[in-house]
Amino acid sequence: MDDSNRYERGMAMLRKTQGEGADKVMKSLESIAPDLGRFAAEFVFDDIYGRPGLDLKSREMISVAALTTLGYAGPQLRVHIGAALRVGCTQQEIIEIIMQMAVYAGFPAALNGIQAAKEVFAEFAAAK
Amino acid sequence: MDDSNRYERGMAMLRKTQGEGADKVMKSLESIAPDLGRFAAEFVFDDIYGRPGLDLKSREMISVAALTTLGYAGPQLRVHIGAALRVGCTQQEIIEIIMQMAVYAGFPAALNGIQAAKEVFAEFAAAK
Amino acid sequence: MDDSNRYERGMAMLRKTQGEGADKVMKSLESIAPDLGRFAAEFVFDDIYGRPGLDLKSREMISVAALTTLGYAGPQLRVHIGAALRVGCTQQEIIEIIMQMAVYAGFPAALNGIQAAKEVFAEFAAAK
Amino acid sequence: MDDSNRYERGMAMLRKTQGEGADKVMKSLESIAPDLGRFAAEFVFDDIYGRPGLDLKSREMISVAALTTLGYAGPQLRVHIGAALRVGCTQQEIIEIIMQMAVYAGFPAALNGIQAAKEVFAEFAAAK
Amino acid sequence: MDDSNRYERGMAMLRKTQGEGADKVMKSLESIAPDLGRFAAEFVFDDIYGRPGLDLKSREMISVAALTTLGYAGPQLRVHIGAALRVGCTQQEIIEIIMQMAVYAGFPAALNGIQAAKEVFAEFAAAK
Amino acid sequence: MDDSNRYERGMAMLRKTQGEGADKVMKSLESIAPDLGRFAAEFVFDDIYGRPGLDLKSREMISVAALTTLGYAGPQLRVHIGAALRVGCTQQEIIEIIMQMAVYAGFPAALNGIQAAKEVFAEFAAAK
């Protein structure tokens, strides 16, 4: 188990999936809780996202499902909708995932998730 | 939009994904809330699961993610871990999905999800 | 504001809505956290349930809705399904309330709520 | 079971309970997830709200209870506080419902629910 | 049990822990649900916070933990981060509490909690 | 940052706080998701619990608060009530923490938490 480069590998994964947003999140944590940023890089984006056994597209799809289900995680849901697009999900697949959450988490969570998707899709369209 | 066979199509989807468990759930609802069973067949398993735009394996993967995240949905999580296996998920993929939920829903939800997977995997092994 | 009899009034409300179960709950708290039982009597069942502005049947209906929505509150849901029956809800009304929660809290919460209702209805039938 | 007019009946129920807001919600979903709007009309507002067994005022009361309990469903809570007023709830009844949720979902959910009610009541007063 | 001064004692506790914010919350409830404010003073800040058995700093620490865990309780979390500072928590202790919640409630809840702390710490710095 | 002994340090922390239960949890994960056990040791019990800035008793107190708040995390709540006792919390402090959660998470979560405490206290008494 090579633990020496967890941070670097995690930051690479973060940048690959979140683009410029990755460094923005880290910067925003720097003055207040830099270790939470470090744990996100090391544990979330290397230990977990860096594992074999599930491709990156599937990982982002289940993250969108989980964040829609939580209901209160708007900022993180928007980040991972963007990440899902970056790793190859289509807009239609993301909509299908969020719609299916109406079954498990209820319509309010799904409706708020769709609203988040609408905003992220518009940002991506504007950035082109 | 052909609405006339929603129930039949939904029951076919239910049996395809949940095997014998499908009729058990419907039977258990029959004496108390048969319409909830009908809505599950029509809305959940035809309107939603029957849609194009996301393959069935992906649908079961995001259901496992959502049900692990909810934390309290043990019976439904076990049902959908079984369904995930039936539509082509490997045990390792299911474990990866549940483990990733530690990031979004916390370790207790993930640990309880792993316990559910352990039980379902054992039932499947025993049934062979 | 007459604060002197909050406990007695709350216990009367508890017994009216929960029957023999009321004293069982209080007894179970006695050795470990008697003040939580006192707060339940005083705050929950006098300050809140004792208020005018909403009839008791409506109060139990919204409690069944809330407890189904929480998803993890099985013991309390069963208690309030019983209370709803005691203050005049029909079994069909209770089923309708729980089924509607599929919309807001998702199908797993509703399915578990229906299972709780099934158990309570059976106990009431057996007690006759 | 007449399935042929579920959408029309659901839209009629939506307009009856949500007034002009009904078409606004549908329009906002049109460009991104029109089928979620269709499911809301058909499943939520015809299959569920259109059922006998519970009057419309009771249905809106339990929806306010559920949405307050969820904690994160501010937009939907505001919509259903308005709907509750339209189908005959008094402002005082709505306040009582939200206050009682302090017992089951905690004070933060109730306090945020009261804030939502304050906003909706002000809109209704301004619209007169 | 002296019930006669619960409101006054609760308001004193509220002012001690929340400073000027205490009267702002009460005023905001006055026109819409004054009894919810009264219950907060009497039940929350006298019956509970006024108990011996746990010092006030510990009480605010566990409130910050609970409010971070809920995920949707931003306004109340900000209030109790301020209260924690007023009763002797250091900024570092508050950050540690919120970071630990990543384990139990997931990273989104912790990240949103850190953002809340950042805002409150800035307000406290500006007020000096 | 010395990453080389995170697992060993985490296991030491786990054994210190959870006694024999520590190895039982790890063993139960061994055949199904050993890496989740490793992440618990490394991330939860070394990266987080091993940090300075908050004493161990405070860490277990906020864990009891968080796990009570979640509502569905019975097994983990019982483990951390035991851990809280091992690192110096009194039974009365634990009861106070759980009771205070009635304010933030509602009475059902608090009542279920008290029931968990009752069971753990009985096990500790029996083990003496």
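For clarity, chains are labelled A, B, C, D, E and F in written order, and residue numbers in each chain start from 1.
Just so we're on the same page, a residue touches a chain if its C-beta (ideal position, glycine included) is under 8 Å from a C-beta of that chain, and two chains touch if they have at least 3 such contacts.
No experiment lies behind these values; they were computed from the predicted model shown.
Asks: Subunit A-subunit D contact: same residues or different, taking over half shared as same?
Replies: Subunit A and subunit D contact each other through largely non-matching residue numbers.
Asks: Could you work out how far the Cα centre of subunit C sits from that of subunit E, in whole Å?
Replies: Distance between chain centres: 29 Å.
Asks: Between subunit A and subunit C, what is the gap in Å from one C-alpha centre to the other?
Replies: Roughly 40 Å separates the two chain centres.
Asks: Report the inter-chain centroid distance for subunit D and subunit E in whole angstrom, where each centroid is the mean of the CA atoms.
Replies: 30
Asks: Residues of subunit B touching 2+ other chains?
Replies: Residue numbers touching two or more other chains: 35, 39, 43-44, 51, 67, 70-73, 76, 95, 99, 102-109.
Asks: Answer with line, ring, star, complete or other to describe the graph linking chains that touch.
Replies: Topology of the interface graph: complete, with all chain pairs in contact.
Asks: Applying the document's contact rule, which stretches of subunit D touch subunit A when the two form their complex?
Replies: So the residues of subunit D touching subunit A come out as 28-29, 31-33, 35-36, 39-40, 44, 67, 70-73, 75-76.
Asks: Applying the document's contact rule, which stretches of subunit A touch subunit F when the two form their complex?
Replies: Counting only subunit A, the residues touching subunit F are 3-4, 6, 35, 39, 43, 47, 51.
Asks: Could you pull out which subunit D residues touch subunit E in their complex?
Replies: Touch residues, subunit D against subunit E: 70-72, 95, 98-99, 102, 106-112, 114-115, 117-118, 121.
Asks: Can you tell me which positions in subunit B touch subunit E when the two form their complex?
Replies: Residue list for subunit B touching subunit E: 102-109.
Asks: Under the stated contact criterion, what part of subunit B meets subunit A in this complex?
Replies: 43-44, 48-49, 51, 53-54, 58-59, 61-70, 73, 76, 92-93, 95-97, 99-105
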